[in-house]
């Protein structure tokens, strides 16, 4: 057991297809997965994750552990951006607004990293609880509020942005596709339970890992292209942030949830991954609306080009290893 | 048995994902299923339906009951628009051309409603015959001819529309995607039979219900957005038409096919659903070409925003219940 | 056995859906498979083919037969364009540059024809080796170099095309989507082996044939539309080339690989199909960059409108029959 | 390089009528046109977005065609009556083109 | 058929700000506009392509609107300050339209 | 708000040559351009539709770029020779822009 096993997740088809995409993009191949097709797959993945989580939850009662995790996760999503902001302002040359926008990404989560971690946990012989899907959904958004606070603090409150509408950012944040589909599918899974799930299992469960391969090929292409374009705009301070930030967040989460709340190895790994992963779908869209002055080439390169590949390849095995140290 | 069982179809994953989409659209969520992806799924669904129908038909001889149903269905699709037109002119303020265009939609059918009804019928412990797929395909188009007749009656025959081409509407009507794919797949199912079907079953049969969930999520979004935009243009007379028209059509079909032709509960339900459902793909496209003066916001809102959700949630259980009364 | 069995592959769902698409396009139906969806399916197919080939290769050692086939295939892809060019210049009125561009297509391969042939081989009770996927990938590109040589020979070397970039054509050729995905998935299949494959089998293996039906429906539409538009620009000499060229290439390949290298019936059929099939994805894109003066309506109509349908319907059964004669 | 004055016709029209508009243009004898998909729009107090309407019957396209004045006059005449029935906007502007022979 | 002089506003703007721009136009009272998706672009020394950014937050759209001069002046005024925050390009040209009543 | 006269170049060109055209524009030093996908077209007596050709090698795009007259002259010169090899249409019109500094 231990590091070896954790590292062997690196040779799963999922990770290998990600690497293929990354490689193709860095070699400047013109290949691409059509965007509409990839977005369709993303919706499929979120429906499948939500359903499975909901069905799992329908079989277990609500425990105090669960409630503790929910509260901690919400607090974590609010708090991480403050820490990230401090690091970025101290150790990189990012402006205040760029640092705030980037920080917001690291309080939120990446659902694909979550899924890959769930697979790796199973592959390593552990299991993770169904309700963690709900935790992931909860962590999507609080970070956005912290980022807005950080960006506006100390400025004279500027006038309303022209053309903006009341509640626009809030709606974008609370009703974005991932939240709606994840929470909706979770509720549906809760309602229909194991019996209802049977009819849709051949679509949502059996082929799930295969679809993930196709999706990660596309993610590899996106990450590689983002990296090739954006890395020039980043100094060493911000590039290294993309690596040390997830590790610090994971370790902090691991200590609190492991020693403090007594989660088992599987659940602990997933919580660490949620802390460590950074958003590249929900938060960038919200930032373009709320903080148009922040530069997407900075926060997208860091989150999609640096942190996502790091987590997928090095991070997840590392977090499994740490979780084994703490709770194994 | 009875109403309860029928109502329990309401809690199937299919209906719940539709409701999720409807809810997201009404809450003005920005989420969407990419249109190209949804259209790809629609083609998949029609291929699967056609194949299954064809294979089922390949196992049974042609009966006189079958021929009777074909003839009745054709007549029904021709006749329903006349009845719908009368209702709309009497009880709503729609203009002649809007009433005619809307009426055309109610003579034709909705293939998704058909599929959902087939699932609900199986779920309730009944079966329906394979040849009903062919009946659905037949009912797609006669209603369009009736609508054109209704719209042009009494007007001075106007000159040819500029740029229009002989046979343009006919080709649009007879060779639209649903008719081509449904009838084509039905014939292929007939030719390859059960043996040929085996090779493609893991794609077209096993995951079918799951794909339907994803598709209905999209339909829910479409219906919700249609409703939110269009309902202001409709008076009470036309809005209520979207509810009473399908019920009347279903009851009429039920009486003729049940008492008159002696169909069993499953087949009877499907026929009632074909009578009750309204087109939102083939007919609107034909109407834009043939009756450009009719307003799509009227007929699409009624058919997609009112009648489709009504049939999917309240209608199908109700029709199963009535079919049980008549033939159970 | 023999011709009958070979011909019975004509009634497989795959071929029938292709014919349906062809028919719909020739009848001028407006139906279409959304392009983004079809491209997504194409990537799926290539991943599945590559994975299966790689897993198969992971189970067998490298033999001298294999190496012989690799060398022959490379040579064949280089050589076929020269032969094709000679035929076109002698028996058709195509200009030098059109003949060269067209010739390039026939040295390369069609991956869909390859897949359909693999299915037909299995259906006829034979098997084919996994490494033939690698052979297919190898044959994609050498033909492009021959075509460029043929087109430029005898011209004064023209100046650089404005806006072109060094290595642009080479990158397009070597890193196009089919090569990247095929070779990448093959390597991944080699690495993960049978065990790793199990997790993704329900997505990449079981539903494969069904997905192929959907894809071939789209190919039928493309081929039919290409044919309807392009055939007027072709004389008898070039139209007949679309039929006799694949047959001659197949027979030549069959003689060399059958009598000379002793391949079994399954492998021999696949090699003949690779010789006979013509590219319609990688090569046209390269030709538009490198030989913009050549007319796509000529080479696409021949490759997609004439040779592809011919191979899929008449060709594959014929090549199986010949392979049985030679090696049966 | 010398430039030649031409007219640029821009026709915003709903998808179901696209073919009719294309036929009008080829009947008039234009040497070419290009169709661009619209993804959203607003007019007459209602708003649409591609993908909102599952039948695509309310999607719009933008048709661009560059031609000389003479053909333009004919095209405008016929398009006017086509637009009598369909939703759409026609506008014309002055442009210069590089290669005069192909128009 | 007689033609009427109008202004054609062409606004190239990033997707997240699309709705704001649309609101500016309707607030000013234009009778319509049409949005066309851009698939790639270059500006300020950086290049983007649709599909490169999985969040679509850097995709651009082109908004066309035909209006009379009076509304144009108002629209330009407000768009200027909208563009202060967002990436985008505004340009205006002269066009003639067929049906004057609908603008 | 005062407006500044500029030139709007509209280049309709086939996808495989898109990159070359983009390079020409950046070499000339334009400050930006935007690419819009075309979905259908007609020219030289043949018709195409996106999706008809599975290799996409006949798809067209529309490239818009706003620049000053000086750069336009250079761009036109080079584009002329690029178009010698490829299918395409170049047209130029007069526009006014809001922010003169970014062009």
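To keep things simple, chains are lettered A, B, C, D, E and F as they appear, and every chain counts its residues starting from 1.
Following the convention adopted for this analysis, contacts are C-beta pairs under 8 Å (C-beta built on N, C-alpha and C of every residue); 3 or more make two chains touch, one makes a residue touch a chain.
Computed from a predicted structure; not experimentally measured.
*Asks:* Show which chains lie in contact with subunit E and also with subunit F.
*Replies:* D
*Asks:* Name the chain whose C-alpha centroid is farthest from the C-alpha centroid of subunit F.
*Replies:* In terms of C-alpha centroids, the chain at the greatest distance from subunit F is B.
*Asks:* Where centres are the averaged C-alpha coordinates, which chain has the largest centre distance to subunit E?
*Replies:* C
*Asks:* Could you give the separation in Å between the centres of subunit B and subunit D, each centre being the mean of its C-alpha atoms?
*Replies:* Centres of subunit B and subunit D (C-alpha means) sit 34 Å apart.
*Asks:* Just curious, how far off is subunit D from subunit C if you go by their C-alpha centres, in Å?
*Replies:* That pair's centroid distance is 39 Å.
*Asks:* How many angstrom lie between the CA centroids of subunit D and subunit F, rounded to a whole number?
*Replies:* Each chain's C-alpha centroid was found; their separation is 18 Å.
*Asks:* Among the residues of subunit B, which are close enough to touch at least two other chains?
*Replies:* Correct list: 32, 34-38, 40, 207.
*Asks:* So which bits of subunit F are touching at least two other chains?
*Replies:* Touching at least two other chains: 22, 36-37, 79, 93-94.
*Asks:* If we use the touch criterion from the header, which chain pairs count as touching?
*Replies:* Contacting pairs: A-B, A-C, A-E, B-C, B-D, C-F, D-E, D-F, E-F.
*Asks:* In the complex of these two chains, what residues of subunit A are touching subunit C?
*Replies:* 11-13, 16-17, 20, 23-24, 27-38, 40-41, 206-211, 213-214, 217
*Asks:* Contact residues on subunit D for subunit F in the complex?
*Replies:* The contact residues of subunit D facing subunit F are 1, 3, 6, 8, 18, 22, 25-26, 31-37, 61, 64, 66, 93-99, 102.
*Asks:* List the residues on subunit D that touch subunit E in their complex, please.
*Replies:* Going by the criterion above, the answer is residues 10, 12, 36-44, 60, 62, 73, 76-77, 79-80, 83, 89-94.
*Asks:* In the complex, go through subunit B and note every residue touching subunit D.
*Replies:* 32, 34-35, 38, 161-165, 168, 219, 222, 225-226, 229, 280-282, 284-285, 287-289, 292-293, 296-297, 300, 304
*Asks:* With touch defined as at the start, can you tell me which subunit E residues reach subunit A in the complex?
*Replies:* 14-17, 19-24, 46-47, 50-58, 78, 81-82, 85-86
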